[in-house]
């Protein structure tokens, strides 16, 4: 069984986001860190480090326009030379001044057209980079009751989604993201999985829901959503991060490792492991160093996955069938309580990796190198 | 315009629940009150009082088996004689000892059969009473991770719903209720509107979602759900009550009257007012007297409705189209800030009612009468 | 170091509550279980089983009037003969019909006198049983804004607490419990630690705060409160349980084992381990068997404690001093991620216990025995 | 009675914050608005508009270093010439790069010294401007468990507060603000009122707690805190704003006007109206125009205050004493449901103001004037 688990873990693919290597922060302050990339090429180099040491992070998500370049095929080649590939394309319709009252749901049709144009441009970039996934997150919403018409905004949203959907090529899909609040504070236009799901069902198989683990109301049982969407064939992937309060965007697994295990268990249970369900990180390393923050996050996902794979399915099913509450829970917890770090270290060693990616990165000298080399220029951040 | 609003308010129908007249409480204590009904017939008499004084509460929801009688047509006639009718039939699959681990989602097929039998019996009672609505709430869920299989439970739920759906006659429908938690504390099988919606869409037009205003995670924007479900043609009705924390089951409008106004606004805006969307109360009068508690609740819904009808749609649309954030909000708030009590008093007087239902009930002497008359027997409660 | 940790774990004392062995449930249903005790003597016998198999649960908390007996010294002797002792005395001022609007904060002075009388009676029982701790939880509060005067209720609370405080004998203390909501749904009179703390400071050293881990608003950082109260010398103990949503009263450590670890870490860090800070369980085993539920809970506390003791204090302090965010977190997580079950098994074996208390209990046949023997009579529950 | 209420309303003083006139936003985007001030002098001019039209906003809070000027007495004179005065001085120890891991609680003593220096500088500015109030909010906290030592941070906090306290002159005080989270996401060093209270009690009468209405966990009963702090003599004032989710910083009264009424009722009830309790606004006008946003907010506070003053204290006390739940609630709600806008319009007219401040501002042409005049330079924002 351990052999099977190690094999399954070896096959795992965790995508890191280009923006995780850039500066990020809160509305109060963005603390700049030394050695941060100045352009998408340098972001790729940093992402390649994460893959180099973990072996399971072979792709990098782009964020447009933050990662806008003149020559996307060149960027893709650059990435390939570093050992990584381009992953999902993330659209951004929240940073232009005209989006103050929304993008595709804006009451002003001119703004809606502009936003839609951007989304279509992102599909163009998919064509140029070979990316098969478009991630759609809309910051659209309202701050005050009555500010805009809830239903009219849904109509506008549906219209835009249809145009983008129709533009998708063979083998391309989009993932629709939902979020309870922030930056809109009264209502968001896609606040929950139900809204995203209903739109995706109407559109067809190329539209799927993406679950950002930080985008729910307090108390939401996220693994239920995962199980439900898998049953419906509508789970497209994850934006992983963790939170204690709101969309804190901390390292995945840092706030509630047990929840992450439960989520990964439902992925495995529901047949979502190893198929099209994308495991993507989406975090803000506000105070911790970026590359180690990503390595740690990748490892946290691996550990949760290993534990999920360790669950004794037979014993669990037997206890569940008997209505043995404590027995079933004990089988489940036995896997969670197991220390899987030795297993993962072994798996890494078997594939030629250092068993301790954090230590290996530290020893590599890369951190000092980028601090020394990346002098001058403008550091990348959420705005660029 | 005032004339139209009064006409619309006159047409409103708010259903009161039979169990609101019985004793209810918390897990800590059920405080018995004097004069509480001992059987469904006495509950009808109390409900008739609410209608007598408000003029807008002509139906009473039943809860089976709490309102089990030998002769339902006789109960319906009794109600009719008192001036009220039988409303929705509420199933109860949570109080038999065998439902400890669930009803229709129970791992034990024998328990599932029993539960399904009860649901079908409820449809029989609809046939006998002429009720057109079945309300389905499942307390099903689990308390511990791993306790049962999330997905298998969905399969069982879907199977049971299909059987009930197929049994529905011409002009009958069921409303599927969702609830985040309680009495299950890790996972409920229908935790949110999305789950209820997905099942209902799959089943067909006779299956709709019912929104209990106390069944959401903190921070959930309920009026968004209302607007969305109306747009999808899947809003069946409301279980009204209010809450500060969890499913507190306080009088509707008592905790957040502004929220109730926003909900009613979306009902009106989405065309749900005056059609099949059912306005039902579902509350626990733990410490306040039952009948006045229902009268106050009915009046609270009326006041929120009146304010919703007062919103100047033209001015609102104009401000929204211009992106005038403060202007649109001001139009909205102007309606909310209006004191509609005089309008409602006038409307009542015009229809021959006392303008002040609370005072009229107090003066009627009914409260003293039931305390004096209802001596001996066993008071009705959640268990009977 | 392992030797020290095992020694520390051997010294741990976890108190189980008499009511955990009785039936409990939700407002929807109390599912009765076979073999449940019919009186305080049988509860003691069950509690003794938990201590017998775990070795760290030597005392049992009483709840008055649920555990009212004619001869407390006899009950104490009975317990002693079974190998356990009487722990904290828990007052109950929430189940008499007169407490509907509160006990010590009730607007009616006669009700307040009655409640105060009960509290003083509990101190009498302390004298008779040798218990040194009185636990005060007040269900007092209001359901509706305006229902009663917030400040007057504080005055009444302060008055009652003063009388009880003054009645405490040498070596006796009381622990004041706070709770955000339930059964009161608008306001509780002791909603948070700050309120409990302020009253206790005013009263003096014999008044301390007890932290029930299920009594907080969503998102509350409980371990911060623990650290703060320890710094102030005002942490009296814990009522352990766990929750996903509200006061779910699940087995401690079942919902968020990482949180339990963080709490235990702050206890250890703040010098609260091994002194007067009481570790008490307070749970509802609604669907799981009672005695195994308690054994599992005791083991969960032990595992969290073991992990807390494993934290490398020196390495942690060094990383913290350097501002090494990821390094400090890694030291902390290293302890959490360690599988401490072998260590605990070893510790048990060294003290002559079975290394697996759950299996030992199962093999003992006690469960079958009580089902067979406890026939007839009335099972104990929250009401008795 | 109406006369008394109008007199009380005329005496009300609501302080507006200089930063409300500057650009603000979320971490996703700060949308710049035309006509926004470029320096503290222009902020004063805008604040003077709010006072000019409402008559109850005579002071402006400063934020240091955002409002740093060379000559504070000159700024104060400039304000006075415009008809307003300098209010509270708000310290800022969250925007320097060195504060990444905290200010006064930072593990690095050099950073702590720097932060303390800033706080003392703020007291100097109080001396120079004649301000009697220092507002202390610390963004200090940690993002990851184990990152720093919770208790050591409390020690450092206490040390810094003591130094500042000792520096306060005759007639000066500081208000300590608490906040559950953001920008720190695991633990904040002053997360709740209890923490702020405990520090203030230890320090003495010049230290008081300030309640920011957006800084609580979901479900927190803020008016209870208000009542409790008033009873303890420790309520220093409010930072008013409103929220649906987290610290949304919307216009006060916009999200839950009933809550604002309940808060103002407790202020009045507890004797906090008209004494030293400061009513201050602290909001982010991210999408609405700034000056009208402030005017509306001031009016919202006035309306809530008017309703609070309208509560029939005698009738309420009588109903409360009788335990008449619905009666007491009805007295309370009667005040809330009253439309107080005519009363306020009358009061304004009687004091020579336009009865409709929003319309008067609109007509004044000031908005166009500042757009036309404030061309060039750098708009003020949270960073400057």
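Each chain gets a letter, A, B, C and D, in the order it is written, and its residues are counted from 1.
Keep this in mind: a contact is a pair of C-beta atoms (placed from the backbone, for glycine too) under 8 Å apart; a residue touches a chain by one contact, two chains touch by 3 or more.
Everything numeric here is computed off the predicted structure, so don't read it as measured data.
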| item | value |
| --- | --- |
| Shortest contact path, chain A to chain C, counted in steps | 1 |
| Same or different residue numbers at the chain B/chain C copy interface, by half rule | same |
| Gap in Å, rounded to a whole number, between the CA centres of chain D and chain C | 39 |
| Whole-Å separation of chain centres (CA-atom averages), chain A against chain D | 37 |
| Sequence positions of chain C contacting 2 or more other chains | 101, 143-145, 180-181, 186, 218-219, 221, 244-245, 254, 258, 287-288, 325-326, 329 |
| Touch-based graph of the chains, sorted into line, ring, star, complete or other | complete |
| Touch list for chain C against partner chain B, complex | 24-29, 31-32, 94-95, 97, 99-101, 139, 143-145, 180-183, 185-186, 218, 243-246, 248, 250-251, 254-255, 286-288, 382 |
| Contact set on chain B toward chain A in their complex | 101, 106-108, 143-151, 154, 180-181, 186-187, 191-195, 197-198, 201, 216-221, 223-225, 227-228, 230-232, 258, 262, 266, 269-270, 311, 316-317, 320-323, 325-326, 328-329, 331-333 |
| Chain B residues within the chain D interface of the complex | 218-219, 221, 244-245, 254, 256-258, 287-289, 292-293, 296, 303, 325-326, 329-330, 336-339, 341, 358 |
